[in-house]
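Some notes on the structure that comes next.
Each chain carries a letter (A, B, C and D) given by its place in the written order, and its residues are counted from 1.
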Amino acid sequence: MSIFIDKDTKLVVQGITGRDGSFHTRHMIEYGTQVVAGVTPGKGGQLFDDEVPIFNTVKDAVSATGANTSVIYVPARFAAEAILEAADAGLSLIVAISEGIPVLDMTRALPFVRDAGARLVGPNCPGVISPGKSKAGIIPGQICQEGPIGVVSRSGTLTYEVIHQLSKSGLGQSSCIGIGGDPIIGTDFIDCLSAFEADPETTAIVLIGEIGGTAEQEAAEYVSHSVTKPVVGFIAGQTAPPGRRMGHAGAIISGSSGTAAEKMQALETAGIGVMRRPADVVSLLREQL
Amino acid sequence: MSIFIDKDTKLVVQGITGRDGSFHTRHMIEYGTQVVAGVTPGKGGQLFDDEVPIFNTVKDAVSATGANTSVIYVPARFAAEAILEAADAGLSLIVAISEGIPVLDMTRALPFVRDAGARLVGPNCPGVISPGKSKAGIIPGQICQEGPIGVVSRSGTLTYEVIHQLSKSGLGQSSCIGIGGDPIIGTDFIDCLSAFEADPETTAIVLIGEIGGTAEQEAAEYVSHSVTKPVVGFIAGQTAPPGRRMGHAGAIISGSSGTAAEKMQALETAGIGVMRRPADVVSLLREQL
Amino acid sequence: MNLHEYQARALLKSVGIPVPDGDVATTPDEVASIAKRLGGTVVVKAQVHAGGRGKAGGVKLAKNADEAHEHAEKILGMQIKGLMVEKVLVVPAEEIASESYIGVIVDRASEKPVVMVSPAGGVDIEEVAAQTPEKIFKQVVDPRYGLLPHQAMELGFELYGDVKQVRQAGRIMQLLVRAFWNAGASLAEINPLISTPAGDIIALDAKIVVDDNELERRPDIAQLRDVSAEAASEVEAREAGLSYIQLDGNVGCCVNGAGLAMATMDLVKYYDGEPANFLDIGGSSNPEKVVTALRIITSDSNVKAILFNIFGGITRCDDVANGIVTAASQIDITTPIVIRLTGTNEDEAVRILRGAGFEALTDMDEAVQQAVKLAREAA
Amino acid sequence: MNLHEYQARALLKSVGIPVPDGDVATTPDEVASIAKRLGGTVVVKAQVHAGGRGKAGGVKLAKNADEAHEHAEKILGMQIKGLMVEKVLVVPAEEIASESYIGVIVDRASEKPVVMVSPAGGVDIEEVAAQTPEKIFKQVVDPRYGLLPHQAMELGFELYGDVKQVRQAGRIMQLLVRAFWNAGASLAEINPLISTPAGDIIALDAKIVVDDNELERRPDIAQLRDVSAEAASEVEAREAGLSYIQLDGNVGCCVNGAGLAMATMDLVKYYDGEPANFLDIGGSSNPEKVVTALRIITSDSNVKAILFNIFGGITRCDDVANGIVTAASQIDITTPIVIRLTGTNEDEAVRILRGAGFEALTDMDEAVQQAVKLAREAA
């Protein structure tokens, strides 16, 4: 088992012929993902790398291939519309990798996605990987290993660092979800915690947060009453100055709210093992398992 | 029993101090309706006719009085916004009497009403009356009589004519619903047929349609498989020329569709007794009861 | 309210939809000068609210300005389906590689605007829908989002194979939805939408129907109304707040409420009479409206009997009675009048009418039968 | 991106929000001439991206043009929270009957913009929220509908008793939401929104923060950026596509990915060091970016050791290694460099680095500890 994606995931890649799209499509296929279609308007009827059929529209791709999941690599200025197209075509899972989507575009796109009954992961995220099964996004497959740890994170390379520490120590992962670093995202910590809690293969959960907003505090509150599995957590940005955007649009301390200290406090209060540094993940998990 | 409104209906009147609003509020109170509040921005704190408290906003009216139903008499250019305000305030039933609301306003307002979980009756309708219990709208109370006949209609005075025929013959009504003469309305024939079918007090249903659109055909189809009670129907506009709007915005034959002949045919096919003239309602009902 | 082609194309142009150059004219000289300016072959098109202008001789090709002048002389002033041609549109004749249809209508079923497109353009779209429905493609527009780019593209791929043309057509669809919204339309269509041999997509003919309820808040659109294209009596009625449609019969009807007005006409027919009109005086009780209504009905020389059918609700029967009495004193009415009144203030109304020598009935069937009989006797 | 008050008020004015007359100036003479034109008492306000301008002496009342000139001489060129004042806004002093707050922010919880209002205006709204939360009223805005008239009225009734003022304030809220949208803002606020003794409602001070992701499609807003209000190194970084924030420490950090960059800074601190900066070179593998990053880090004289922390995913370790080697050949780097690389093309990277005389580590903790130690030794 795993969450969100598995062997049955049939993926359509929006922006398959773009620079990022083609690069990562090859990696996803190499990893064993069922990439059933690509979409680039005007290239309908062609084949990507002589194997993946390209369609003009997501709708065409879905009706021809039965794709159930989309991954989006189109440039930021077209990405919100790509999300709408995916939702409109009836996909149940949409993974938006694109970074730099204006937040107001997302305030308009999200109600559409929710009305369509789809799940959006991202935007501005590394995507989802269920080691040994399927990958929708950019998380390097070679650092992952099948196993019982669920990983959910607002970050990209920091997540790889943590996954790397886990795999090095023989702690494989059920699924790793990058939920994205923007202020408004489709899937939050709680959605993933709830899915990991329900996933019989997952025995413990790693939560990687950062400064800005209150998502980690809400996740901690949720863990305290609704998650029975051990959870360990990390918060990046303990040394970040207030009022400055730390790369991610969502990583900003506004006034006195959204600091790492308050988040780490919330995790501790909820009984979550708090990592002081990424390398702590292994020892903390071993303690709890 | 009755449908949509009854003795427990607590009504707020939007536009209570306007010409139409004040006139009909008095009639509704006289009829025994629980008119618990009125709304006119800027007149909050005053009393209407020394008895009904006026509020600045529907939200205030609801929180102070527990109103569950609104009736709207504001001018057409403000009416769609009044509908949104009522839905936003959490009312479960909104009866919009106002005539002349642009149809594009309604295409935008209706999704909002539906998302809020409210039922809209109208616009451009005479409203709802449950004889002996409550009245939200402008149907003259004195022509109605308590009894077992459910009446649903796209028209105003034509409905009064039919109710008048029924009452004269001792056939009282459970509820009478004017669904409105516009192309886009909140509650359609099928909603009312389904409610009448479920209402134990209603033993037979009168459906009054007119030219334009396909609502009567769909209602007939619905009756054929989902209504067990006797239904009789009338279609106004047998002599209407094509392409001309017959008063109501929705009463227009476009090309060859929406004619009275095709609608009467559909009613007959569904086993509905078709009235040739309003006065036939009594004899047809007597046949079927 | 229907707009003329030249008005509709101006609205399309204002949102950025490509339309051919050209202009509207009311005289053959103007037509010739436009044709001269445009150069080459032009089309002279009658501007009337009627379909089938081409078959009726209202659309003509002209190789040069002189020929355009000749055609204009014939077209201006001609009658098409009973409507006098007072204006013509002069545009360059375009070379056509393909013809499509795109339109936006308010759809009752989805409760939203719907964009309809078809690669079978240039012909009556209702016929396409009836004969080859598989050639019609639809997209419901959520008014909270407008026509989304991918939805426009999806439709565009049904019309064209080349992605550049798909994008052009998609853009035009989005602009058409905007024009539809700007005008407060219930219908906006381009038929045909053509592609030229050079590959450009152009709107060759346009039709827009505006929702009458929008006119109050859109004075710019309201002033496009061409009263010369309507019956004078209908214009007068509208200005008085009455809803009136002239028909061919001899029983003049004056009713409160549109449904009851239709049912009254139907009942006239049921009793073998012919209604002369649809007339709804509306819900208000203004006696002045009744006077205007009677003036309009009596000005129709076909009318041989007048039938009032009033069900008092908001409308007060005594107000209507006063209106009838006032009208009778102001207008010389020779046509017999049958009056049916029931409901609010019925008794007072009967008293007023009797005082002025009118009879008043309370039963609708009885009144209609009497009016039909009187009309037959007078004919 | 923060806008200056004078820029924000221009945006408010452009959508129709009433703001006082007035203008921006860069010299005392300009200030005097604006004050003269305005007549009466004026306010001279420093234009800097910092709160507490009043307390710092950056906002002064002047009874006439001469006094305005005097004040301007002092304010122009002064430092407020480390920022030099280069411009002042000169506006008439308004008589104030009441002060309110209205603002629009993007709210993460509702995933939508939220309008916040408070009758306690003119003071820091965060303090109001902390001390007297019952004085803050909120309305979530569905971006598909905008702030609806009744929602604006509901908020307006929380601020004013008079329905005319409620309508004015409600209208201003709707316009503020429009300005927020037009600017691609993440925050737009008017504080205070005042009522005058005559009853008018006016925006006396305005603040707008723009979402950086909006700037690409809004060149009109992007050109409002005041680079003089930013550290030169941060401007250079942004233009090179790097995300850089200067801090006070001595360990310069160069990392791929924002989360890992923060975690690296945190780890420096964990090992008792002080990070000199946040620097994210992003996901791409362009060696040029690495060169620019090194140039920026080395230009900070506080930096005593440089730490690279690269987790190769999309970023290829060999590209980063090439960047480091190129930079070392172009820039005279005397600061010790500690390099940690792991992931994509790690082996090739190590080969390149060793070839150029650099050591390469693979463990993050080890690298951080070494960099902290080197910085301490050099200090």
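FYI, a contact is a pair of C-beta atoms (placed from the backbone, for glycine too) under 8 Å apart; a residue touches a chain by one contact, two chains touch by 3 or more.
Treat the numbers as computed from the prediction; the structure is a model and nothing was measured.
Chain pairs A-D and C-D differ in how many C-beta pairs are in contact, and the one with more is A-D. Between subunit A and subunit D the centroid-to-centroid distance comes to 28 Å (mean Cα coordinates, whole Å).
Averaged C-alpha coordinates put the centre of subunit A at 49 Å from the centre of subunit B. Subunit C has its Cα centroid 55 Å from the Cα centroid of subunit A.
Residue positions of subunit D with contacts to 2 or more other chains are 144-145.
For subunit B, residues touching at least two other chains, in rising order: 108.
With chains as nodes and touching pairs as edges, the resulting graph is of another kind, matching none of line, ring, star or complete. Going by the touch rule set out above, the chain pairs that meet are A-C, A-D, B-C, B-D, C-D. Remark: subunit C residues 144-145 touch subunit D in the complex.
Interface of subunit B with subunit C (complex): residues 20, 23, 76-77, 99-104, 106-108, 110-111, 126, 138-140, 143, 153-161, 164, 181, 183-184, 208, 210-211, 213-215, 234, 236-241, 244-251, 255-256, 260, 276-279. Partner subunit B is touched in their complex by these residues of subunit C: 106, 108-109, 111-113, 126, 142-144, 181, 184, 186, 211-214, 216-217, 243, 245, 247, 255-263, 265-270, 275, 278, 280, 283, 311-315, 342-344, 364-365. Considering their complex, residues 41-42, 44, 56-60, 81-82, 84-85, 88, 108, 112 of subunit B touch subunit D. Listed in rising order, the residues of subunit C touching subunit A in the complex are 145, 148-151, 153-154, 157, 163, 166-167.
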